[in-house]
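Listed below are the structures to be examined.
Look at the two complexes coming up: chain A is in both, with chain B in one and chain C in the other.
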Partner chain A sequence: MHKKMIIFLSIALLLTGCWDKVEIDERAHISALGIDRYTPGPDDEETVGRHIFTFAFPELKKEGAKDVVISSVGDNLYSVSRIMASRSNKEFFLGHLRTVVVGVDIAKNPADFRHILDGIENNEFLSRRVVLALTEGSAAEIIKVVPAMENKLGEFIAEIFRRSDRIPRIVGGSAGDILRDLHESGNTIIPKIVPGKADVKVAGGGIINNFKFKGWLGEVETAHLLVLKGETKCLCGMSVKHKGFDIPVALRPKKPRISLIEDKDNIKILIEVEMEGDVRQTYFETDEDTLKSSFVSEIEQEMVEATKQRAMDTINKIQKEFETDVLGINKYLRQSHYKLWKEVERDWQDIFPNIDIDVNIDIKIRRIGLVR
Partner chain B sequence: MSLWERLFGKKSEDTDTDIGEIKVHRNLDKNFGIIKDMLKDCDDVLYREIKIGIEGNQRAVVISIDGMTDENVLDNHILKNLMINSRIAPPDIGIFKRQIGDAVKDKTLSAAEMKEVGTIEQAVLDILIGDTAVILDNYDKIIIVGTKGWEMRDVAEPETENVIRGPRQGFIETLRVNTALIRRRIRDHKFKIKGYQIGRRSQTDVCVLYIEDLADEDVLEELDKRLKAIDIDAIIDSGYIEQLVEDNWRSIFPQIQNTERPDVATAALYEGKVVIVVDNSPFVLIIPSGFNAMMQSAEDYYERWGIATFIRALRYFALLMAIYMPALYIAVTTFHPQMLPAKLLISIAANRAGVPFPAVLEAIIMVLTLEILREAGIRLPGAIGQTIGIVGAVIIGQAAVDAGIVGPIMIIIVSITAVASFTIPSYNLAIAARLLRLVLIIASGFLGLYGVMLITMLALVHLCSLKSFGVPYLTPFTAPIGQRSDLKDALLKAPLLSMHYRETTVRKSERRRMLDHRDENFNKEG
Partner chain C sequence: MKDNSDIISTNQMIFILALAMISTGILRLPRSLADVVPYDHWIILLVTGLVITAVIAIHAWIVKLRPGVEYFEILGESLSRPIAYIVALAYIVYFIGLNGLIVRIFGETIKVYLLTKTPIEVINVSLLISCIYLSRKGVEVLGRLAAFLFPIVITVSIFLFLLSFINTNFRNLLPVFQITPVQVLRGIPVTILSFLGIEVLLFFGANLEKPRESMKSTIAVAAVALFYLLVIVATFAQFGPVQIKKLVWPTLDVFDTVQIPGLFIENVQVVVMSAWVIAVFTTIAPLYLAGVITAKSVTGFKDQASLAPPFLPFIYFASLIPKNLAHVYEVTDKFTFYFASIMVGAIPLIVLISLLIQARSGKGAKGNA
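On to the complex of A and B.
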């Protein structure tokens, strides 16, 4: 009995178990990763990889720690992180990677892009909540930025995204969501990131159609796309021209209602969005009586018109220019009108640009600010 | 024979000496000679040769031990009666000649406790216990008078198991005082005190206390068997009895609860448990006792249930902390850093940077330092002991961090662990937790969380198989359906009013402890 137990224990202790013990201060906790396309020079050997990987990890200092940035050329994330071990006194550890920035050049080539995406998805250390972002220029540029507010870049970007439901112009960006969208339809929108001097800006998004980059969606358009998809809680920063003055109104949209309108010729979709709004200011010594219901309803009316116009512009751009269903109409049809979806599923790529999408916006002003 | 058996198996040996039997002789000198020979070189034995009767022609010897007898009884009720009072009132000479024993025993000696023994060995044993032997000429028995009385410690507040609310009495080293302390709390003729004398040479008094219709007969029978099987030269403390009767001596977990508090012992008796009191030990044993009993403090029952529940849950949490904190820290930092939030990770890593040892070694150094300090604190005299505690904890810890030998977070972890382990009410369970903690530290150093889980499973398997006198150690957690009512007094402490039943370890018919005679509308209004 005891002999058996001792044998079992020794098996458990000696043959299994993870001998990957590395002290916490002996790891390089990669916080941000940039991936760029690499064009081999004439002197390069042929075996050199196709991408440049730029890693950032924090220095282990008690005060004033900055990021250490190193980069290497290679084919995929796994082998590069292995190769890097020979250039560093620390063990590369991806468990705390928060941000992956991909240069748009990679996204323009579907084969390369899929290669990179699988490298991200297949790495067991990478959380599904890693932020995946596209940049127009070089991803390494972004990784090298030292933000003034928080000198660890990975953390900085991750914190921006953590507040994304309060910032109206950022698409979700979590790798899990993006990968799921891509698995389902090959289409998605990936947040765009722009380097600044001592910060980075996240705004707008890159449209991916069938694993290929199609084009950039602007900031305002992104904000309205998010409203139409019901993925944001605020639509701030919008204003309305009222009698020659800009009056800012903070809007809080509800989840939109999508419905299929009966129509023989074409698929017709109606998206209805209800929003609540606050008038944030008017102008000094105003002549308006903001307490009057006529003022409120005027503002509401003007706001509806402006918002609807911008929403329609966004839809137009998505449909006509990008021909990519990032609105989630495919999901809606599959969930609620499965029969119809089965008919159109194969050709959805061609059908989507031609369907009719109408938007119905209803805004109620709830608060009018301080009144003298 | 396997190595294991050879090391720890049962060994059969011959008992060294067997005490023979010498009958008491009718001749005083012969008896006296034998006893004197047996008690040769025992300089604390007092022999008093006296003559009794009107003419003083009846010889007698009074033997006692100096320092163990109550001199008041010896002087006033034995010697004075035999030597003076027996001459004042002369009995019938004829009867006196024929029945001298009865005359002395029934009419002369005025002590409460008295008996006759027929063998010299028994008489000597009684003398050694502190009684007084009266040997008469022409009489084939020896009269033993109960004169036990010696200097003893006062009944004082117990040093361990302190409570804020509750009785301030603690057991002392004298068995009779201890049983009296319990008897005072149980005025029931069903409360029984059964005596044993264990130890070939020490002949230590051991008493088994139980309430007849509550205690489980099987437990009593088993205990009787185990106590009678003990054949050892001496029992110094109740710890000897504990180790000799417990179910599994290989286990690191204590299977018998000990207490210094009469109220705890009494409560256990009312629960149908059995209490063992050992002479010369202020710690009494409670059987059967499980894990649950050792996590309870007397105060839980004296304070209101809300705070008792909170504190009890806190205690279990502290137990988990005391066992797991260092192991989890090592596992998470060296094997699974992705489990830490990024900011915490950076802070831990930055604090650890420059520490030359791996986390597991760091933990072992600190835990061992702490254990050494604790041991030193116990050995040193009171005032210095506390100083050493502070010096050790504050100065050594701070210096170790400054010198870069250990990280500051490890100091925090080890200190919290130490503080948490002091919340465990039962000292012997706390020791088990300390041992388990060390094992877990090593396992997590080798295998990370996998090792922690491995040891946890082994410990749980072991705990589940452990029994204390037939009662599963983890009662009531292992069979929550059958013992649902026991759960009211486990992790939580239900209000006293809802605890109608005793623990399920008592006899089924006697489970009900409390009846509810309150008015139906009691407490309903307002």
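On to the complex of A and C.
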């Protein structure tokens, strides 16, 4: 009797169904998501703060097929992904989402932007590894692009970012880093993404100040910002004018050293960057002897001047035009000069544009190519 | 370590204690610390580790003074019989309450991350049923299980925490040595919750093979403190002291950031969750067993196997008392601060003092105690 009872009970417990079961082909694995601001037409009911959500997901049954793209208007990510269930034969699943593109119109309104950001951070399926990017036009337009090299757009963008430390001009766009910066100061830089015909281009970045979009930082400036923050391993594609010719030099910056210089009147910050570089080419039948160290030091000198100028321009733009500390000086002060930071923390937004930031750049050219 | 004699070795005891300490507290330990102070969390942790070492030393001393005697008997000896009954009853309520809270947090976490549509009741009850199964037999089974599971849980979790170091910035741990003694004191109560579970030493002490070595239990505290140090460093280096305050379960979110090209799974969080489920089970099971053993001594019942199931409904209903997750943590904090500190700290201290006084006054009769 006892044994029979136990067998029956264990059958009831072990062989019955599973609450959470969803077959894999019944799920729409969203790979890219675009969020835009929705401007109600004259006939629409009056709705405030609504967004257009555009989802892209692959059709699992067809190998190599284009992504399916659908969009819907709604208030927040969670509700929309639920409501979409009534419009599709599949369960929406965000666990494999790779890329979130946000239209800049949303970032121009702090309330909307914060609403969207929390929707992203609070979703238990949405990973912090997701790439977050801003676009100038409509995010839906980007989601609709089918890259020639890779059918799946979400994957395409994520792969660009995965190599980001080897590509100059790309801000590391992982949602985890962006959210951390925003939690800490409300300021950050988010990579900018531009749609093309059969690809998308990631370059430059949007500056966010206190959860509000402030302006775009150009590509070259972004590259130098990354060097100053120590977030890139290469500053390639830079060249120097030498006697009328462009000579490209590939630079490999090391982690910069930041220090606070004693000054009674003002906070003075010195950023020192050391770089190694290779001369990639000169010009055919050159008059220079590249094997002479005097030539190398000339190039070094010119490169230092050019790089320093560009770095200072970048800092100037960040300080004077955007008035936003995306350089991480606030972090540096908090971590290394806590007492001073406590004094300035409250007014940092007003203090930052007026502090002195100086840059010291040291370039050592190591290799000069194969041809003399 | 003879077969089926319900005797455990010192090593098994250390494994039981270490696993009993690591449970749901670890999920929010970094956040609780970040709420207290924005720097030097590791100092608070180490100081708390010392406090807990002192507490477990009290427990170990009691076990050493009365080798092979059950805790209820010791209570009777030191506090008089009627008070012993009241205290033992309080211990049973304590085990039920603590288990209820742990089971509830466990269920809530599993429901968010793994089984979103499974009713929380099913999650909780299935965990408790497996604890009944373990508690039917004595401490020896638990000792063997702990010795088997400890290396698995620890190696897996240390490996995964080390993985999270790949994309991390240790500058987030700065500044250091800014903390004041007052801040350390304020940090200790929130950290203690993560060490609860040490009190099972009192209840399993009678089953120790060599009660003389009971002081070695402090090794368990040191090991767990070191493990928590790794957790704190990993979470704070990853998120920084500001963002951590905003995360409900920062310890799990760390693994959300792990991204290693070529890793065979995309999301290591799943592996962490399974190691963590084992860690929670090995916390609830000893507490459950300790409750059953106390009930056995109080009632004088011989059959331990039939005493285990009646605990389930009590723990289950205790787990349903808090209304929501916010309430769970409010209740847990009060429970730890008031009830647990009395049951784990104050009462054993009184017992020890009473035993020592008795030993001194009855020196001639008893010889060396």
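FYI, the second predicted complex is superposed on the first by the 347 of 372 C-alpha atoms of A that agree within 3 Å, B and C clash if a C-alpha of one lies under 4 Å from a C-alpha of the other, contacts with A are read in each partner's own complex, and residues count from 1 in each chain.
The rule we apply is simple: a residue touches a chain if its C-beta (ideal position, glycine included) is under 8 Å from a C-beta of that chain, and two chains touch if they have at least 3 such contacts.
Note that the coordinates shown come from a computational prediction; the quantities given were computed from them, not determined experimentally.
Once chain A of one complex is fitted onto chain A of the other, the partner contacts of A:Glu155 are limited to chain B, with no touch recorded for chain C. Shared-chain residue A:Gln335: touches chain C; no touch with chain B. Legend: residue contacts after superposition of the two complexes on their common chain; A:Asn316 is shown touching neither chain B nor chain C.
In the superposition on chain A, A:Gln301 makes contact with neither chain B nor chain C. By the touch criterion stated above, A:Asn266 is placed in contact with neither chain B nor chain C.
Looking at the shared chain after the overlay, A:Ser88 reaches neither chain B nor chain C.
Within the superposed three-chain model, A:His29 lies in touch with chain B and out of touch with chain C [touch as defined at top]. Comparing chain C and chain B on the residues of chain A they touch gives the larger count to B. Across the superposed pair, chain B and chain C both touch chain A at residues 18, 20, 95-96, 127. If you check the complex, the residues on chain A that touch chain B are 2-3, 9, 12-13, 16-18, 20-25, 27, 29, 31, 58, 60-62, 65, 93, 95-96, 98, 125, 127, 152, 154-155, 158. The touching residues of chain C, counted against chain A in their complex, run 39, 112-113, 115-119, 122, 171-172, 174-175, 178, 239-240, 242-243, 246, 253, 256-257, 259, 261, 266-267. Across the complex, chain B meets chain A through its residues 2, 4, 333-335, 337-338, 342-343, 345-346, 348-355, 358-359, 445-448, 450-451, 454, 458.
Those residues of chain A that touch chain C in the shared complex are 18-20, 95-96, 124, 127-129, 162, 174, 176, 179-180, 183-184, 331, 334-336, 338.
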